[in-house]
Amino acid sequence: MNTYGTLFKITLYGESHQKAIGVVIDGIPAGIKIDLNQIAEDLKKRQPGAIGTTPRKEADLFEITSGMFQGHSTGSPIHLMIENTNVQSKDYEHLRKHPRPGHADFVSEVKYKGYQDYRGGGRFSGRLTAALVAAGAIAKMIIPFKIEHQLTQVGSLTDMSKIDDYLLEIAKQGDSVGGTILLTVKDMVVGIGEPFFSKLDAEIAKMMFSMPAVKAVSIGTGFEGKTMLGSAFNDEIINDKGLTKTNHSGGITGGISNGNDLLVTVMIKPTSSIQKAQDTFDFETYQTKSLEIGGRHDVCIARRAGIVLENVLAIVLADQYLMYKAYQ
Amino acid sequence: MNTYGTLFKITLYGESHQKAIGVVIDGIPAGIKIDLNQIAEDLKKRQPGAIGTTPRKEADLFEITSGMFQGHSTGSPIHLMIENTNVQSKDYEHLRKHPRPGHADFVSEVKYKGYQDYRGGGRFSGRLTAALVAAGAIAKMIIPFKIEHQLTQVGSLTDMSKIDDYLLEIAKQGDSVGGTILLTVKDMVVGIGEPFFSKLDAEIAKMMFSMPAVKAVSIGTGFEGKTMLGSAFNDEIINDKGLTKTNHSGGITGGISNGNDLLVTVMIKPTSSIQKAQDTFDFETYQTKSLEIGGRHDVCIARRAGIVLENVLAIVLADQYLMYKAYQ
Amino acid sequence: MNTYGTLFKITLYGESHQKAIGVVIDGIPAGIKIDLNQIAEDLKKRQPGAIGTTPRKEADLFEITSGMFQGHSTGSPIHLMIENTNVQSKDYEHLRKHPRPGHADFVSEVKYKGYQDYRGGGRFSGRLTAALVAAGAIAKMIIPFKIEHQLTQVGSLTDMSKIDDYLLEIAKQGDSVGGTILLTVKDMVVGIGEPFFSKLDAEIAKMMFSMPAVKAVSIGTGFEGKTMLGSAFNDEIINDKGLTKTNHSGGITGGISNGNDLLVTVMIKPTSSIQKAQDTFDFETYQTKSLEIGGRHDVCIARRAGIVLENVLAIVLADQYLMYKAYQ
Amino acid sequence: MNTYGTLFKITLYGESHQKAIGVVIDGIPAGIKIDLNQIAEDLKKRQPGAIGTTPRKEADLFEITSGMFQGHSTGSPIHLMIENTNVQSKDYEHLRKHPRPGHADFVSEVKYKGYQDYRGGGRFSGRLTAALVAAGAIAKMIIPFKIEHQLTQVGSLTDMSKIDDYLLEIAKQGDSVGGTILLTVKDMVVGIGEPFFSKLDAEIAKMMFSMPAVKAVSIGTGFEGKTMLGSAFNDEIINDKGLTKTNHSGGITGGISNGNDLLVTVMIKPTSSIQKAQDTFDFETYQTKSLEIGGRHDVCIARRAGIVLENVLAIVLADQYLMYKAYQ
């Protein structure tokens, strides 16, 4: 379903080639100053431009149609809408007959019985994350925590100073790469997270996996910790605020924030759309077919995904923070 | 909060040292045959016994107090309760003063202001997973899919035939290890998963992270895929059922099952309780204190966690399967 | 909160004097034919025009920005928006200082700390029901039941053939009246309703009371039954379909539809805005103040409320019907 | 479904003739003193004893198995269970063949396909309200409001001093009567209620209609107000706390508490089980059949329902109060 959250509740709608995408943000306390520039800035961070990102560009002009008055939240839901302006009327119907590898073409054809809007990825388009970036920008206005994101690996490259050359080389091959993004939250308080099923890490993981192309999530040391011994993994508490000497647990113990920095690592798979020809199944001829997708795609969507993950994390934290306050 | 699910809805309660733990399972269609032996068998799989697991053992006798009549579900919620019989009356209060590293002692003291039941881990005890195993055993009675679990790594050991020797060695050191578990679901249909926020992988990740000690989750190739190129990662469709040549995406595309086997890898951190002395902070003296936990603990909880993860996955699938049917 | 429903889920936003009101409708199965004329017709039924209704009129032009493709639902949420075109820029701020009796001016000033959009009733305006009428028109496209509404009483008048004269007389006095509306649902099946807390009557009552000006709801004979004996009230079953000789229970037994016509009576209070002067409290002078609201208001909002209640009932039935199917 | 609430969340289970009924209460802040005597006292108020109530009596001994430690809530869910001790093993199966008028026998046979536990009303038994009384007693421990209930009419009798004679006369006839109950909440604050769909009156109505035998609910003057003019119905504000001269709106404006006493009137239908013979349909012979229910039933269940409604109202208020605090 398309609604997330208990107290800070977002409802997302839209497909990439219809009139608009948008989000309804419910549960913003009245009187929060809504900084429109901040929303615009975050949206800009999601836009392409860097090497390895698509040359297609949309202005992402957003409009707030309700829930804001004299610069502040009214206590009524904010509806924020972004029109789809850069929509090309080319024919997409062939995608139904020979689905693109890695894309949702096949599953949506089956699940929605051919009624899905298949143009440009439809609801599975990365475009919908623009609305989430905007919602997250608002979420950040009500939480006292500071979130940062950092691209930590791209394909086999770990030295990010060489990213431009690396991605140009991948682009030349007509191929794509994935990557990993590290999210860090500073200034956490102790006690955010509501066991058993609204644990902080559980909600974060849910929302990270809700983002297109995410295939793995770890907290703290995560998978790397599988070869560690308990005596090394355990984080020793060293002061009365709960500060720990190490932070293998990534700031979460028992599903509850422990006051140390939150550390979340997210893996983004290689962009599914590539220039190279790929084989797929042709549902007309019932034979294998070589497919060239064409178009101009991100070589490395991970390069643009950081702000999306950051702001989605803000949405989770806003919801959890309001719950935390309700029970204090 | 302690309720999960939309149509197949579970509510979990309990602490390890009070009278009982239990689960209310709502949304079981009327007329499902409830196989009590199956529940008992799954509970047995969770019990210790193997090398590297705790010698403490509880019978895990469960009782169904409602929702079942003449061997079948009635359409009313099933309440299943497991009494805490092996409860020792030793003094646990010192845990509040010098919290155990890796445990929720410190965060629960702060969050619940000292009112938490701190005995034996309280609500953070792995004991609560017994109720989830039972609920999952019932979930398996309403889904047509087949779930398997497999321990794929323990500490630095990947050859599972040597696990006993390996864990005896770790135990001798007074230490602990974590591990990874692979969950596989066969006989999937295409179309399970409800974007945008109830995607199949998102719900699975949420529930995996709800389990104690889980610190990372990946679908399909997961983190390993970060160095792959798109042309290698993309799974080529090879027949009209959506079968793919490879399964890097782990059976999920766009958050929806694609008919291939579901592949979920879960990382379990090393058991927090170890025999070795560890440092922690003493909230009475405000100094570092060397702590020996004592007791007899699992050297490798991952060895017992497979059935828990399997059955929790069944809970997710039961909920998603009912939703899938509702919209078909 | 502003989201209702489990499987057919609506999210409502908007205030009367901002850019737009709208609704996101989630959970519409893919492939439902969306009849835009039907939506327009239902919206028209809500518009004023009859004697005793306000002379102010808005076109209520709606726009669907997503979730619909080639005339059918796509399986993605439908977003339907209605712009606020007839917005007058007059000064409303005085309402904060001397709140209108019967209106939400005072409670919203306190609850939202003065940040609410107080213009024209803001989110408490009857205007928001236009979006619900549209959502309900879509709900009717997925349920097999037939809903009708009927104005059964207006003030002290029970002979509806005399309503025009009656309301002209009330208008002349500068006063207003309420009324009762009877909703009837035909072609019900047996089994709609999910005890214990999603009983059919419970969900209906919740949504009726969510509508502005509703102060009482009864099912079947309702309050009139308080003087009846059980032997008279009980509905005798007379055939194998569950048809009953009488229908005092209004088609619902134990919170579940029994196959007989659903009968719901809703009481609408007299319109709060009247021409006559009324006393209120002046928060500047801390004295009683005589208030003349002015403007042109409905003398009897009940005359326009029927289609709102009918369509809101359709929303409840759509949600319940999808749940019913999920468990069959 | 069987879970209600957002922050104060209850999950109800049980059928009258299985081992137990019970409730899981989630969202109680840690550190609330749990007064077991208060729970017992409220349960006692629900028990029969007065003239016109059933001579069958159960001890209603409750047990708390989790969520409470050293006399206080722990922050983990409280599970409260009441065993069904007074269960008679007589044969109930005939109810499936000739369903009792007014009861859920027929609808549950159809909805649950014959798998329902039909003994003694099963899940539709008034017995389940005992668990809700207990949950409500706990809800009252976290809200600052004071709730009272009052029987205002029984059948055609409005002078409650004559109730015993009146009910004895009805009993002699082998018949039953319904009644109306007025709930009053004092010491309300301004601002409780979350539009658009969690309005205070909407949530109250939902939960009142969830109770067995409730067929009508009104707030304030309710249905009686249908003949009033707006100038008389509107409540004039007379001081800066929002006190109104009259209270026709029953303490709720725009779905939000206005600080005046909350007034809720609930109509309870005549008890469905009567001594007199009644006709029903015989699903074996497909003919009308005269049915004598036998047993010893409440002549007027309304006489015992006050505490149920009061405590269910407390559950609604606890949930709303926590939400109100979260957004302040």
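Just so it is clear, A, B, C and D label the chains in written order, and each chain counts residues from 1 on its own.
As a convention for this text, a residue touches a chain if its C-beta (ideal position, glycine included) is under 8 Å from a C-beta of that chain, and two chains touch if they have at least 3 such contacts.
Given the structure is predicted, the values throughout are model-derived calculations rather than measurements.
J.: Just grab the chain with the largest centre-to-centre distance to chain C, centres being mean Cα coordinates.
T.: B
J.: Identify the chain pair with more contacting C-beta pairs: A-B or A-C.
T.: Between A-C and A-B, contacts are more numerous in A-B.
J.: Return the distance between the CA-based centres of chain A and chain B, expressed in whole Å.
T.: Roughly 25 Å separates the two chain centres.
J.: Please tell me the distance, in whole Å, between the geometric centres of chain A and chain D computed from their C-alpha atoms.
T.: Centres of chain A and chain D (C-alpha means) sit 45 Å apart.
J.: How big is the gap, in whole Å, between where the Cα atoms of chain A centre and where those of chain C centre?
T.: 38
J.: In chain C, which residues are in touch with two or more of the other chains?
T.: 1-3, 6, 12, 27, 30, 75-76, 108, 111, 123, 195
J.: Which residues, counting only chain A, touch chain C once they are in their complex?
T.: Interface residues on chain A, with respect to chain C: 1-3, 9, 11-15, 18-22, 24, 26-27, 30-31, 63-70, 72-79, 81, 108, 111-117, 122-123.
J.: Which positions of chain C touch chain B when the two form their complex?
T.: Interface residues on the chain C side: 6-7, 27, 29-30, 75-76, 195, 322-323, 325-328.
J.: Write out the stretch or stretches of chain B touching chain A in their complex.
T.: Going through chain B, the ones touching chain A are 1-4, 6, 12, 99, 101-104, 106-108, 110-111, 123-124, 128, 153, 155-156, 170, 173, 175-180, 190-191, 194-199, 201-210, 212, 214-223, 225-231, 233-240, 242, 244, 248-250, 253-258, 267, 269-274, 276, 278-281, 283, 286, 288.
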